[in-house]
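Pasting a structure below so you can have a look.
As written, the chain order gives the labels A, B, C, D, E and F, with residue 1 at the start of each chain.
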Amino acid sequence: MTIPIVPKLLRAHLSDLAANNARIDGRSQWEGRNLEVEHSVLPRAEGSARVRMGDTIVLAGVKFQIMQPYPDRPNQGGLMCSADVRPIAGRNWEAGPPSPEAIELGRVVDRGIRESGCIDVDSLCIIPGEKAWQVILDLFAVSDDGNLFDAFALAGIAALRNATVPAERFEVGEDYALPVSKTPIMCSYHKVGGRFVYDACSREELGGDERIHITLGDDDNVHSLQKGLKGIFSAEEFAEIMTNAQERTKELRKILDSM
Amino acid sequence: MGGYGDVQMIDENGLRMDGRSPGDIREVTIETGVIPVADGSCRMTWGTNEAIVGVYGPMEAHPRKIQRQDRAVLDVAYNMAPFSTTDRIRPGFNRRSREISKVTKDALESVVLLELYPRSKIRVTIEILSAEAGTRCVGLTAASVALADAGIPMTDLVVSVASGKINDVVVCDLNKEEDNYGEADLPMGILPNSGELVFLQMDGDLSQEEFKQAWDYNMDAAQVVHGLMVEALKGGDSQ
Amino acid sequence: MTIPIVPKLLRAHLSDLAANNARIDGRSQWEGRNLEVEHSVLPRAEGSARVRMGDTIVLAGVKFQIMQPYPDRPNQGGLMCSADVRPIAGRNWEAGPPSPEAIELGRVVDRGIRESGCIDVDSLCIIPGEKAWQVILDLFAVSDDGNLFDAFALAGIAALRNATVPAERFEVGEDYALPVSKTPIMCSYHKVGGRFVYDACSREELGGDERIHITLGDDDNVHSLQKGLKGIFSAEEFAEIMTNAQERTKELRKILDSM
Amino acid sequence: MGGYGDVQMIDENGLRMDGRSPGDIREVTIETGVIPVADGSCRMTWGTNEAIVGVYGPMEAHPRKIQRQDRAVLDVAYNMAPFSTTDRIRPGFNRRSREISKVTKDALESVVLLELYPRSKIRVTIEILSAEAGTRCVGLTAASVALADAGIPMTDLVVSVASGKINDVVVCDLNKEEDNYGEADLPMGILPNSGELVFLQMDGDLSQEEFKQAWDYNMDAAQVVHGLMVEALKGGDSQ
Amino acid sequence: MGGYGDVQMIDENGLRMDGRSPGDIREVTIETGVIPVADGSCRMTWGTNEAIVGVYGPMEAHPRKIQRQDRAVLDVAYNMAPFSTTDRIRPGFNRRSREISKVTKDALESVVLLELYPRSKIRVTIEILSAEAGTRCVGLTAASVALADAGIPMTDLVVSVASGKINDVVVCDLNKEEDNYGEADLPMGILPNSGELVFLQMDGDLSQEEFKQAWDYNMDAAQVVHGLMVEALKGGDSQ
Amino acid sequence: MTIPIVPKLLRAHLSDLAANNARIDGRSQWEGRNLEVEHSVLPRAEGSARVRMGDTIVLAGVKFQIMQPYPDRPNQGGLMCSADVRPIAGRNWEAGPPSPEAIELGRVVDRGIRESGCIDVDSLCIIPGEKAWQVILDLFAVSDDGNLFDAFALAGIAALRNATVPAERFEVGEDYALPVSKTPIMCSYHKVGGRFVYDACSREELGGDERIHITLGDDDNVHSLQKGLKGIFSAEEFAEIMTNAQERTKELRKILDSM
């Protein structure tokens, strides 16, 4: 992606706001934007979800392929997670091979889902050593107004929970719901005006410093962490974020469970 | 085209498998302003096809070597999302998408008043989220709506429709099965006010008479879709 | 390819000529350039042709490979058509990955030949489900003075008609002539100075607007159409071109048949 | 993380297979000035890991479009040599290496005084010659030594260490077997003087209590390694 | 080189399978002006080898960063057409072609008076249409004819010939079978007026004596081919 | 790699030195730099070597893979040699796809080793037609102060002589030393100040003209030659170099044999 030059005025403005415990769009420090989650939005996908957080909109689609298990893991299928941010999502995203930013985005979201063990890869085996399901989760950004990380992660797990294994089409049995045993949730924090805030919008990202991404599981277990961008943070700052993430992930998990 | 084999797709009453008459098009819905961060955008469904288009610009054209002194450059990309088809599409370079991007660009450049914005760039991104035959037409039509939604001046909207042939019968707006087993496909990009063309492709096998019939179906269908486009741009979404 | 800046003077000159029903090289509106077609010009190809139209020169070579048929079409071989315009052919063609212009060129020529059904892919089967012939038609531009489309298409069908299936070399029987049941011919028209002309030369391409490519079969059936470049045309203009293409394709088919 | 299965990696005395206690790190050696033509360099071994880092610059940043008016740009590449692992690595593009390059760059930019060198470029190349779990930590630590060796001003050195979990026990500095069968990995990049962080990743499964233990192990280990770094930079090589 | 096995390629009279004596070259034809739109061109056949070369320039060198203030840059590409060999060649990147392009460029830069055209570019494209051992020699020789045809000043033409070894006998100008089963190949690029070299490669196994014999064969053959080149450039085509 | 602009002053200085039969670092015309060769320096490689010539330092590592023999050579394994010069080795080497310079470097070193026949590819067969060893020699530049060619070639043959075939790990028998029957040695000469010198340093490369690379085998047999860069040389110059190479390769072979 194009890295825009950060206007000094924006940074100064964000600092002033932070000094008054305020944010550029009127939210409080730990407040997220309006959230909408929808299921089954993509007719050709075996599972799908659409997440809107403020003006950030993303889609997630699940497809299945039949793969040959790796020789050393004859009873296991696979999970592949691919995140593509194409130029439609914002004026700074450009066509071409994936930028370091896009690669990091995809890998961080992938790890949060994969490491939680929410998909039991042993359950994806069809015929040991011969055939297994490969689950492919494709994340697609429609509109990037900041914090694509959390939107992708939420849409991703929602789409997996929505997915049907297309066994009939592949002539290997009857269709069934993909078993998803856990619900990992990512929360991202961005340092803006010298303090961390939850769910930064794009102007906060533009005038901010480092980001921290935390994925927690059903029992508050940590599944994935990532610090991105230039910046230094203290153990105390991190502890405060982690505490907030424990609350926030529970709220978001409830929203998914209620669907 | 796939060639037809023995699949019967027109019944004894002359109706198609989805109940349409030969000249009918599928259901179309149009919505604008669907990408909050874009300067213009459009979501269009056409049967089970779904396309979204985002327009950014006019903005600075960089690197400078792509700038034109006397007009804006139009950057058009057509792409199918990985989950848009029954078998997943691997992201990456694809000759079909490159060609469709080029002919779509050629069509849009014919109507956008590029000379109003020298040295700048207008970027049009067409994403197919769900594909069911005719995606290039849906993409081009939605792109012209998104450009209008962005306030970019054009001499006319572009309406794109394809007719084809199944079981030796010429029909309008092939659906997926018809496209798979059909014998020809004729997509056109039509200026609804003048009836002129900015886009034309065809493959398959059509006699001169069949070709004329398919052409006429497209012309008529363009007027129908044009009505929906105007309505969507006026205010409320069109469905 | 490099897109040259179009000199306004050239456009004006072409308009003046058109107003007087003249062309820059003295031809009339529907007149093609001098045409030469030769067979068997490439010693290592199983079929080949060389076409010269004025100062445009191209080669076509046919090679064969053995492929495994696709599971859903166990009795079919394949036809692949690849068009490469390398920097040797003109100063505006550059090395590197294929430009959108080159991709369009290859695909339009490919469709004209493929959609005519001139190669019966069922006849390419050797052992159902196991072995079939893949016919590879490579088009190569030697000198580009305009209208590579028609030159490629003509050289392509001529090379196919000239091809021998190398069954002996692959140890699957005796060599035989590749069956080519039809003769699709492409005619291309370019709007120059406000009107369409047949077989534009490179200066007409440079100072012109849109192009239309028409491929017709033995019975005047339409097999492929393509409009390229920026420009608007009317139904009347198209009808006039189509009428001309019906005449011209017959003449060209006769030339091939007489060889 | 690989997940643990039935592999027992802690014995009845609480010792690990290579004899270490849970909080112990492997043997570390540090050497500077190992690339004669570079402006700064470092060779670091850590267990069977071996990394070399070369620093070039500050030098002219070209092409000009990458220049920044107010600071130097830092170009960081992490790469594993083809012979660095049991199975040979094919050279070329690799998403894992790209991500590690990016987070390493993010960490180093947090300490290098880039604003002292406007319009210039500093290039840091990290090559893993032998890999045995924890290469990103070795690479980042060695890079900060190489930058110091090149005389580039920094607010502090960066020490990177990873702790993890095996057989439900939190341990410091996983070796290869522990990494293969372990249940979590928590690499951190620590400023030894303030205890602040510039780098943090984690994957696997750690309870909040386990996470705290792993964090503390990393903090303690950072002090040990920091001592060796200072010694290596002062004069004689450290081992 | 392929190594020889049991294939006997020299008969009892010392003649090769195609009837040539050890020092003979295959039949050579040279034609200029074969690409109407190029500034200079050459078609050369050599046995069943066929190469065409197109020269464009001197022309503007862009992007500007490739310009040299004191001389022209020479852009040389060697490529084998897909239909030039028994098994079709897939188009695209190829290390062998890149290396041959580079050594051909190194050879031509040694004779072209580049300093006459500062800031400009001369582009030389060598296409092998039919390959039968020795294509790099045919390409380099034809390129020097095409440059002369374009009127580019050179200190001398370059003649390139390869000798080799089959069945332990040194022979000139290997054909395809000889190349497949031969034990060595020594291509040289010779300035016919001075006997100096601008191009030299070799692979295989030659004793010092065999090497001397192969060198001498190349020198003699270069004079023969040079005669044909001069004739072709003077006027009528040479065969 | 970035091609640095050659300062005219450097060229003039090198000419003056040559006129006095001197070199920029005090060596005589045919004198090499200090040489160090070490074995077994890479713990994960099956064979390795490190070569230092002055301030030029390189590594070579040997790895093995199991391949299926080519159908026409069912009893042969393979040898692959890959040379990568990454940005760590010097400020003019850049990341990205291999430059023409790097490609030439790898191919010239590869040919010298391959053409000597030092690795008997027939001895690499495990099960005819099914399994054979592929030997992969990776050359890696640590510090480029000139003449990477000779350093790579020497490290390469030293690493091969040091290699153990890892048959146990691949479960196809017991480990054994890779048989290396010959010791090809490359010597490179650079024209500097109008005359050829042996083992040019980077400043001599920068201000010099053409290079010649000669690989000789155990009996002075020639296995590979390459002339690189712009420049013209005479038969007499070449004869002088060849004579020197015959002496020098013997000395270097002795060093390897004494290890």
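Keep this in mind: a residue touches a chain if its C-beta (ideal position, glycine included) is under 8 Å from a C-beta of that chain, and two chains touch if they have at least 3 such contacts.
Worth saying up front: this structure is predicted, and the values here are computed from it rather than measured.
Of all chains in the assembly, none touches chain A and also chain D. The chains that touch both chain C and chain F are E. Chain centre most remote from that of chain D: C (centre = mean of CA atoms). In summary, the interface at A-D recurs among the listed pairs B-C, A-B or C-E; the equivalent pair, sharing over half of its contacts by residue number, is B-C. The greatest centre-to-centre gap from chain E, using C-alpha centroids, is found for A. Centre-to-centre separation between chain E and chain F, using Cα means, comes to 26 Å.
With centres set at the average Cα position, the gap from chain D to chain F is 32 Å. Taking the mean of the C-alpha atoms as each chain's centre, chain B and chain D sit 51 Å apart. Taken as a graph of touching chains, this assembly is arranged as a ring, one closed cycle with exactly two partners per chain. Traversing the ring of chains that begins at chain B and proceeds first to chain C, the chains occur in the order B, C, E, F, D, A. Residues 34-38, 48, 50, 52-54, 56, 59, 77, 79, 81-88, 91, 123, 125, 127, 129-131 of chain E touch chain C in their complex. Across the complex, chain C is touched by residues 1, 93, 95-96, 98-99, 101-103, 106, 109-111, 184, 186, 191, 194-208, 211, 215 of chain B.
Interface of chain F with chain E (complex): residues 98, 100-101, 103-104, 106-107, 111, 114-117, 210, 212, 217, 219-235, 238, 242, 246.
Of all residues in chain A, only 42-45, 48, 55, 57, 59, 61-63, 65, 82, 84, 86-91, 95, 136, 138, 140, 142-145, 169, 202 touch chain B in the complex they form.
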